[in-house]
Structures are given as structure tokens and as C-alpha cells.
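Okay, so chain A shows up in both of these, paired with chain B first and chain C after.
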Partner chain A sequence: MLLTALKSKRLLWREWLASYLFLLPALAFFLLFVAYPMLRGAYISLFDYSLNRFEFIGLRNYADLFRDKTFLKSMKNTILIVLITVPAVIAFSIFVSNTIYRKSELARSFFRGVFYLPAVSSVVSITVVWASIYDPNYGILNYVTSLFGAEPIAWLGDLRTALFAIIAVLVTTSVGQPIILYVAALGNIPTSYIEAAQIDRATPGQIFRKIIWPMLMPTNLYIIVITTINTFQTFAIVQLLTAGGPLNATSTVMYGVYEKAFMLGSFGVAAAMGMLLAVVIGIISLIQFKFLGSDVEY
Partner chain B sequence: MLMTILLVMLTAACSSNNNAPGNKTTSEPQNTASGGSEATPAAKPVEITWWNFPNFQALDGEVGKYEKEMIAAFNQKHPEIKVNLEMITFDGGPEKLNVAIASNSAPDVIYDAPGRIIDWGKKGLLAPLDDMIPQDVRSDIPDAFWKQSMVGDKTVMYPINTAPFMMAVNKTVFEKIGALDLLPLDRKDRVWSFDEYKAALQAVKEKALDVIPSVFFAKSQAGDQGTRAYIANLGLSSFLKDDLSAIAINTDQAGAALDWIAQAQKDKLVISGSAALAASDVNDLFLQGKVAFSINYSAVLKAQNSTLKKAEFEEALLPFPTLDGSAPKLEPYLGGMAIFNNGDDAKIAAAKTFIDFVANDEVYGKKNLIQTGGLSVRNSVTGLYDDEEYAYSELARQFITAPPTIADGYAEIRTYWFPALQSVLLGQQTGKEALDSFAKSADEAIAKAKAQLK
Partner chain C sequence: MHASMPFRKKPKKLISNIVLLAVALFFVFPFYWIVTGAFKVQNVAVAIPPEWFPHAPTLDNFTVLFKNPVWRWTFNSFFVAAAEMAGVCLVASMAGYVLAKKQFPGRKIIFTLFVAAMALPKQVILVPLFTMIADFGWIDHYKALILPAIGWPFGIFLVKQFAQTLPGELLEAAKVDGCSELRLYYSIVLPLLKPALGALAIFTFINAWNDYFSQLIMIRSTPMMTLPLGVATLKGEYTTPYGVLMAGAAFASLPMIVIFLLFQKAFTQGITMGAVKG
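This part shows the complex of A and B:
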């Protein structure tokens, strides 16, 4: 009896050890490259840390940020970008997915490929193409609008258009994955539900609202959360197209982090900006889980 | 997740709290290389790292090939010193250097300009070079260059090449429209007035319909010396007070010059959308033959751009026009080498030997200068090129004035400049209002930097 209990304990211990050994590589990677830098970032955000200074200043970096007009403008821009981009990505992705998911396998693959192409292309290449499209003197966009008699516009250099020009690029580069996921999710909705509704004379709008949308909720939750997080981190497109200008009209928090840390060498301030952004993303993700998670049907 | 934040934090994580290069203790350098003379070789094998911007023209289109040849020649004389070359770009290099310094992995040697080097010197990150500069070399280099190479009484940059920053004109465009006489190329000093410049722009607008008369840019910091000198000369002002204690460009005349640029953009005399264009964008257009004037050029850039030209045309260097046609004030390009104090005396000594070779070797000294396309900082070294434009560049050295790069807080001052330009180009402020706002922020930055240095 005692021997059996001991054997059983040893077996449990081995299982426990083996499971943790399997976890170890991922855990080590997480601790070293995610957890430690995050904690270290929180730590250095309390310091006046530049190329030759490292002095504890408590929460002064945070206090300064709340008085920094450029940072506040960047935060406002970032939130505006998220508020426009996320719904636009969801709406466009659902529209495209709904249009193509009933088509032949060949057509579906073609459209999925077309829309996924920006997701697998280099951001730099895409941005270079967009820069030439937006070019005020030689760009194709101004050429097209001039055919309708419009005056040329400096799309990236005009306060009225610069942020929307960035958002347009962001939307086109963000729809690839959502379309793939929505096409798959739509394909999983039993056709019998839709056919039954059609027999009951439900309109296409009612079918979408009452059947398709609720059945898409798990996919929605994932896409909304991931797109929100990614959009909050908008950086490369801004850096390459506008460098945050004109007059900080397109500056984002992530661009500000880059500018403070790598251009000005103010690592403490940059870390504080990063921590604030992480807190904002965390809060919004929690809210999204709270309000959208309860509707998820598995 | 949050890759850039992680990068910032990893950078911080890689460094220790107060272990920046300048904080490392090191005894007095042992090797005293001397200008023009054979340097004493380091006793033991030493390995040093040299980060280099594309300061030398690419050989056979390969960036870094010339530097490798130079290192091979250096190693024939100093086989005990291994030089590891890493080429960095003007776009990403400065950021890479900041990260390297903050994470205690700065290179040993850098070839750069005073804008960054003096800032590092003020932060105590560089090794002094005074012991490798004999009196004959010191007296052969004008004081203006030493001012840009020293912090207090310590030399932190070994000045090597120079050229005044100027404008450039696509001479071929003016030949084609029969308006070459509108350019001041027949005058020995090529000095010209704002009105003459306007007439030249108007001629291009009217007769060369596929060419944009001139450019301006305000997207980012790179090339800001071009916009500074352009406005200062059109407005007959100086960027800084002579003692570098405050901004001086916020005059009515400079404000009017900036207003003119904004209006000229609307009148199609200046490229559209300049608030969103960078110096590299407009220089690309110049090299493509699409614009008549570039406001950011020099003999060095002419050499660097020679392989990048996308159209056949002849360019000529011009000084910035001034409001009344008086002598212009030009900012100098100055290139030189500096040594990061990484706390290793042997590396510092080896780096000095290498710098001495780059600047003073009897064969490679001149060869290197020519490969940069620049002029020598030494008064005694002239006539390097058999070329009209270089001869003019040498003559234009008389117009060089003290550049703002040595002002305290210069790195921060620069960050306020292009938003001020953008606000005028976008009609948010008048030229004077924008320059006043800029002066207020920049003066605060100067005062803050001075306080931090105390």
C-alpha cells in the first residue's frame, strides 16, 4: 500500500517535472525578453536616464508627460486612429468576407490572397508605394483627382488630410488577417440556420443581425482586441511617411517613444510613455473582454 | 508585444546604471600619435571598431569598399591593430549610436560632424585628442574649425575635411531656357541678391514647364542647416547670437523671408507639400533633374551624389542669395574623427594611431580627402581637385561663419526648428510669430543645457 502510494507520488513528481521542463524554453524566453524588459522599463521610467545621466526622480517623468503638449497630442491622435481604424477594419473585413465566402474555392483563395498580401509584405515597401501615391507633385492620387478638376493636395503635408492619409494606409494593411478569419468563421455557420430564417421570411439585415453577427462573436472578440492593440502601436507607417508631422498632426505615442529614446536619448521619458501606453492598452483590452466576452458563444 | 517599447527597455536592460562610456575611468592615453609623422605602434595586438557613415564615395558602387582598402593599407603599417568596420547610414545611424552609447557598446572610433560629436564631448563620452595634435598641425587649422572640435580646452574631434554648405543649381535647365545670364556664375564670388534669385525662379516657372523652380523641406531634422542658412541669408540675419547664448534669427526680415517661402509655394516657385518633404526627398528630385535649385548642397554632397544622379545635367554651386546682395553667411560642413572612451587605454591608443593614418598618411591623407569630396581643414593643403566647382568651394570658404552646432542644447534646439517651419508653410503662423516661438523654446533649451553642464 505504502509502496503504491510512493510510486504514485514519484510518478506525479515526474509528470510535474516533465511538464515544467517542456515549459521552460518558452518561460525562459518570456521572462528574459518580455517580463524582465517590462519590469526594467517600469523601473527606468522613474529615472532621469539619458546618455550620461541616471538619476532617480520618482514620478516626475509621468508628471511631465501630462504637461507635455506633444505627448498629449500624440495620445489624442493614437486614440483617434484606433477609434476610426478598428471599426473600419471590422466593417470592411466582414463586408468582403460576406461577399466572397459563398464563392467558389478558387475565387475565395484569390480574394483571400489579394487582401492578405499587405500582411505578408514589408511595411517599408508598402509605405514607399503609398508615399508615391500621395506625392503632391507626381502622385497618382492627385492625378486622379485632377481629372475631376480638383487642385493638387499635399495629402501628407496638410493638417486636414495627413492623419486620414495615415489611417487609410493602416486600414489597407490591417484587413488581411481579419478577412481570412471571418471567411473561415462564416463558413462554420450552419447553413440550416440561415435557410430556416429565410423560410420564415427574415430579411438579409435580420439574418445578419440575429444569426450571423452572434455566431461571429468569438472571432469578433479576437479581431477587435488584436486590431486595437496593433493599432495603438502604430509606428512604422508614421515614421516613414510623415515623421509625426506636420505639426504633430500624425504623431503617435509609439512614434514619440522612438523619438524620445532613439533620437534624443531620453530613455527614462520614453519608458514612461511606453508604460502609460501599456496601461491604456491593458484597460481597453479588459473593457473589450468584459463587454464583448460575455456575448461569446462557444 | 510593444516591440519598440521592448527595444527601449532592452536597451536600458543591457546597460548598467551609471556605466556610460564617459564614466569609465581611464588613465592618461599612452600613445601619442603625431600629425604628419609616423605613429608609435601599439605594443600588443589590439582590435578596434570603427563605425562610419558613408563619408567616403563608394568604390564601384559598393559602400564601404574604399574604407576596407584604406584599412588594408593601414594594416600594412600597423598589423597589430585590427580595425572592424561597420557602415551606418545617415538615416538610422544616429539612433543606432544613441542605443549603442546607452547600452555600453559604443564603437571605438567614429567619423562624423560636430553636431553630434560635440554633444557627446559635453557629456564626457569621448577621449581627449590633444596629445596627438602637434603645434604645427594646430596652427595650420583655422580657429573656426577648432571651435567646432573642442569642448572647453579639450579637443574631442580631429578635424579632417570641410566644405561650405551652399545651394546648387541645375545649370543645364538655365542653358536650355536661355537664361544662364540670370545666374551669378560670371562673378568670381558668385554672390547674388534675393531679387536676382526671384528673377531666376520666375524664368524657370515660365520657360521650363516640366521643372519645379526650387525646393524647401520641413519634414524632419536632417539637412536643417540648408533651411537655416537659406532663411538667415534671405532675411539678412544670423541663426544665433555671436556668443551662442540665444537665438537671433527671429528678426522681422527673416520672418518676411519665411513668409515669402510659404507664398512662393502657393505661387509654384517652391515645390508643393514642402512641410511633408525631407531633405533627402528634395535632393532626390534635384538628382532626377526635376527641380532647378537645391538648397542643401556642398562639394562633399556633390561628390557623394555623383553616382546617384538619375538624369544628365551639369550642376553648379551657388551661395545663398542675400536680401541686399551682400556677402552671404555660410555654415561649414566639417568632418572629423572622435574616439569613444570605452575605458580601454590600449584601444584609445590604437584608435589615435588609426585617426593619424586617416588624416595624415602621406599617401592616404590626400586620397581620403579626395574620396570625401571635401576640402582639407589645413590651410597648407589646397588644390586637391582640378575642377571649377571645387575651386569655387575653396573660394567660398571666406563666407563661412560659426555654425550653431556648437551651441549648448543644440540637439534639442533642432527639434523645435522644423515644427516652426511647418507652422508657417501650413498657414498656422506668420514667419515672425513662428520664429519667435522657436526662439523662446530654443532659448529655454540653451539655458537648460548650460545649467546641466554646470
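This part shows the complex of A and C:
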């Protein structure tokens, strides 16, 4: 008895050891290149840190940021981008998914592919073509609006339009994944529910509100959280299309981080900006989980 | 559709289908514009009214484009993406499998750690990561792009979700037959994980190719640039050479579009798999 107990204990140990060894590579890479940089970011945000300086200054980077007009403007822009982009992405994705999910497999993959194109294409390619479309002198957008008698607009250079021009491109690159997820989620709703409602003469609007929407809630939560996190980090489109201009009208927090760290060499301030952005994202994700998290299962 | 379907729904359906086609056209147009623009000479590319289809297609833009080390950039992009793909699949398959199928102390904490990290804004760590990579002396090396991408929490999560659905009896039976852990993983678990790893591989490849921000800060010299990064440097200082840029844009996106179209099914499955609640 004792012998078998010892033996099984030894076996258990061996199994544990094997499990840890299997986890080791993942944990090592994760701790070194994800977890440690996060902590290091918090640490260096307390320093006056540039190419030739490394001096502890406590919370001064943060205090400076709260008085920095450019930073506050970029935070405001970022929040505005999120507030417009996330609902636009959700509404657009649900509309498209709801229109295509009952079509044939071929039609579905065709449309899914079309809306995923901007997401798989390099952001460099996307911005190259949009820069040409938005070009004030030669752009096709001004040509089209001129057919309707409109004056030409410098879409990316005008304070009134630049941010929206950025958001439009951002939305087209963000709907691919949500559409794939919504099509899958809609396909999982038992048709019997919808048929029963139709027999009871529910209108399509009622069916959507009372049956489809509640059953989409888990998918909604995931998509809203992911899209919010991604949108808060908008960078490449801004860097490539406007470099934050005109007059910081399109600068985002991540663009500011890039500018501070890699153009001005102020790593401490840039790290502090990153930490503040992470805190904002964390708080908003928690709020979203609290208000949208539901226990609908299907 | 059913006979019971109320027919007042029909005109509404027609309208949504028309809107759908219109927005689809809006999504396809930029790609049409890239491809046709790549074959237009500069004064046609900027003509008003625009030439909707290139009447006298030219390869001049590609000639100018290939005066740059485009093949080297292409190699760099492929090499980095392939290395990340192999690394992520190996590391994630090992971790995801034991997290799904083994019982050991600390399993829950480790899994929670990975899930929490998925919500971590990835770009926020780029500055400290850059200073660390710079300290290592890795700037302008392939490893500056490859190694930080391998411990990808999403990959571990994806494999774990999928591995949970595997039949436990098969693994137990192999154990009883005296199969070592390593052999069990290699000859039984890995083949079973194929669908998940296929999706993860494509996912990682496309993400790596398109990770513009990391490439921008980690790579300095022209020969080490990735394809998208290289194309981004073609912008002229005073005039914009649209034709050449379009040729570069077409060339930089084509591989990803082809890969996506070839593996759309696996890709779609991967996205849905990763979204299932833990």
C-alpha cells in the first residue's frame, strides 16, 4: 500500500514537472518581453530619461503631462476617435453581418473577404491609397464632390475635416474581425426562435431587439472591448497620413508617445504617457465588462 | 425563404442588399485604385478628371520601385513573419496543451495571467521594450522583431481553448502504454492540434507582416527594412510619386491578400475560436 502510494506520488511529481517544462518557454518569453517591459515602463516613467540622462524625478513626468497642452489635446482626440469609431464599427458590422449571414456560403465568404481586405493589407498600402484619394489637388474625392458643385477641401490638412478623414480610414480597417464574429454568432442563433416569433407576428424590428440583440451580447462584449483597446492605440494611420497635424488636430496619445520617445528622445515622458493610456484603457475595459457583461448563454 | 415570411419585409431586404453592395464597392475601390494606379504614369495618376482605367498601362513605376532593395525587403518581411509564426506555434502549442489537459499547482494563476495580458494594450509597452532591446544591442537585427513576439498570450489562449475539446481518453491511453510526455506531445497532441495551429500560424504571419509600429522603431538601416517599412520611405519630400507608391503598396499587400484568400476558412475559424469565452 505504502509503496503504491509513494509510487503514485512520484508519478504525480513527474507529471507536474513535465507540465512546468512545457510551460517554461511560453512563460520565459512572456515574462521577459511582455511582463517585464510593462513593469519597466512604470519604473522609467519616474525618471528624466533621455539618451544621456537617467535621473529619478518622482511623479514629475506625470505632473508635467497634465499641464501639457499637446498631450491633453492628443488625449482628447484619442477619446473622440474611440467615441466615434467604436459605435460606428459595431453598427456597421451588425448591419453587414445581419444582411449576409443567411446567404449562401459562397456569398458569405465573398463579403467577409471584401470587408477583411483593409485589415489584412499593410497599413502602409492603405494610407498610400487614401492619401491619394484625399489629395486636395489631384484626389478623386474632391473630383467626385466637385461634380456636385462642392469646393475642393484639403481633407487631411483642414482642421475641421482631418480627424474625421482619419476616423473614416480607421473604421474601414477595423470591421473585418467583428463581421466574422457577428456572422458566426448570428448563425448560432437557433432559427426556431426566430420562426416562432414570426408566427406570433413579431416585426423584424421586434425580432432584432428582443431575440437577436440579447443573444449577441457575449459577442458584443468581446468586440466592444477589443475594438476599444485597439482604437485607443491608433498610431500608424496618423503617423503615415498626417503626422499628427494640422496643429495637432489628429495627434493621438500613441502618436505623442512615438514623437516624444523616438523623435525627441524623451523616454521617461513617453513611458508616462503610455502608462496613463494603459490606465485609461484599463478603467474603460472594466466599465464595459461591468455594464455589458451578461450571463446570456447559448 | 419561408412562405410564412411576411412579405412586407421584402422591399426592406432589397434596400439592405443595395446598401451592402454599395459599401462593398466602397471597400474594394481603394484596392482597385492601388492596382490601376500602379500602372499609370505620374501625369495620368494625378489627372483631373481621373482616368478610371489606365488606357496606356506602363511598367515604369515598377522599374523605379525596383531600384530600391525591394527583394531584400520582401525577404526580411517573409523571414521575420515565418520565424514568428514557427516560434509562436511551438511555444503556444506546448503551453496551451498543458494548460488545457494537465492538473498541476499554479495552473489557474498562470492561465489568468495570460488572459489578463491579452487585454494589455500592446503598444503601451513599446517604449520600455525599445529601451530594453537597445540595451541588448539588438536594434536593427531580426531578433528585435522576432523574439518579443513569441510569448503571445492570444496564441496560448487560442490553443488552450481548442485543446480543451480534445478527447482525454486518447491521451490517457497513450500514457498507460508507457508513452513519454515528449512523445505524447509530439506524436499525438500536435497532430490533433492541427486545426488550431493552422489558424494560429496564418494569424501570426499576417500580424507579424503588418506590425508596422514595431518595425518602425526597431529597424534603422535600409537593407534591414521590412517591405511595408521600405515602401513607406518612398514618399518624396516635395512631390508625391503616386505611381511608384501605388506599385509599392500593391507589392506590399499582395502576399497577405493571397494568403488570406487561400486560407480564409482556417483564418475565420481561428478568429471565432479565440473569441469563445474562457
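Methods note: the second predicted complex is superposed on the first by the 295 of 298 C-alpha atoms of A that agree within 3 Å, B and C clash if a C-alpha of one lies under 4 Å from a C-alpha of the other, contacts with A are read in each partner's own complex, and residues count from 1 in each chain.
FYI, contacts are C-beta pairs under 8 Å (C-beta built on N, C-alpha and C of every residue); 3 or more make two chains touch, one makes a residue touch a chain.
If you're wondering where the values come from, they're calculated on a predicted model, not measured in any experiment.
Undergrad: Is A:F235 contacted by the first partner chain B, the second partner chain C, both or neither?
TA: So A:F235 meets both chain B and chain C here.
Undergrad: Return first, second, both or neither, reflecting whether A:I79 touches chain B, chain C, both chains, or no partner chain.
TA: It touches nothing on chain B or chain C.
Undergrad: For A:I44, decide between first (touching chain B), second (touching chain C), both and neither.
TA: In the superposition, A:I44 contacts both chain B and chain C.
Undergrad: Among the partners chain B and chain C, which is in contact with a greater number of residues of chain A?
TA: Counting residues of chain A touched by each partner, the higher count goes to C.
Undergrad: Between chain B (first) and chain C (second), which, if any, makes contact with A:A18: first, second, both or neither?
TA: Once the two structures are laid over each other on A, A:A18 reaches chain C alone.
Undergrad: Would you sort A:I211 into first (chain B), second (chain C), both or neither based on which partner it touches?
TA: neither
Undergrad: After lining up the shared chain so the two structures overlap, which partner does A:Y36 touch, if you call chain B first and chain C second: first, second, both or neither?
TA: So A:Y36 meets both chain B and chain C here.
Undergrad: Touch test for A:M263: chain B only (first), chain C only (second), both, or neither?
TA: Touch status of A:M263: first partner only.
Undergrad: For A:P136, decide between first (touching chain B), second (touching chain C), both and neither.
TA: first
Undergrad: Should A:A278 be classified as contacting the first partner (chain B), the second (chain C), both, or neither?
TA: So A:A278 meets both chain B and chain C here.
Undergrad: Quick check on my understanding: which residues of chain A belong to both its chain B contact set and its chain C contact set?
TA: The answer is residues 33-34, 36-38, 40-41, 44, 49, 135, 137, 229, 233, 235, 254, 257-258, 261-262, 267, 270-271, 274, 277-278, 281 of chain A.
Undergrad: Mind pulling up the chain C residues that touch chain A in the complex?
TA: Per the stated touch rule, the residues are 2, 4-6, 9, 12, 16-17, 19-20, 23-24, 27-28, 30-31, 33-34, 37, 45-50, 90-92, 94-95, 97-99, 102, 104-105, 107, 110, 113-114, 117, 119-132, 147-151, 153, 156, 181, 185, 206, 209-210, 212-213, 216-217, 227-229, 231-232, 240, 242, 245-246, 248-250, 252-253, 256-257, 259-261, 264-265, 268, 271-272, 275, 277.
Undergrad: So in the complex, which bits of chain A are touching chain C?
TA: On the chain A side, the touching residues are 15-16, 18-20, 22-23, 25-38, 40-41, 43-44, 49, 92, 95-96, 98-100, 109, 111-118, 120-126, 128-133, 135, 137-138, 140, 143, 172, 177, 180-181, 184, 195, 198-199, 201, 204, 218-219, 222, 225, 229, 232-233, 235-236, 239-240, 254, 257-258, 261-262, 267, 270-271, 274-275, 277-278, 281-282, 285.
Undergrad: Give every residue of chain B touching chain A within the complex, in rising order.
TA: 1-13, 17-18, 20, 22-23, 94-95, 98-99, 101-102, 120, 123-125, 212, 218-221, 271-278, 411-412, 415, 418-419, 422-423, 425-426, 428
Undergrad: Which positions of chain A touch chain B when the two form their complex?
TA: Chain A residues touching chain B: 33-34, 36-38, 40-41, 44, 49, 51-52, 54, 135-137, 152, 154-159, 162, 229, 233, 235, 242-243, 245-248, 254, 257-258, 261-265, 267, 270-271, 274, 277-278, 281.
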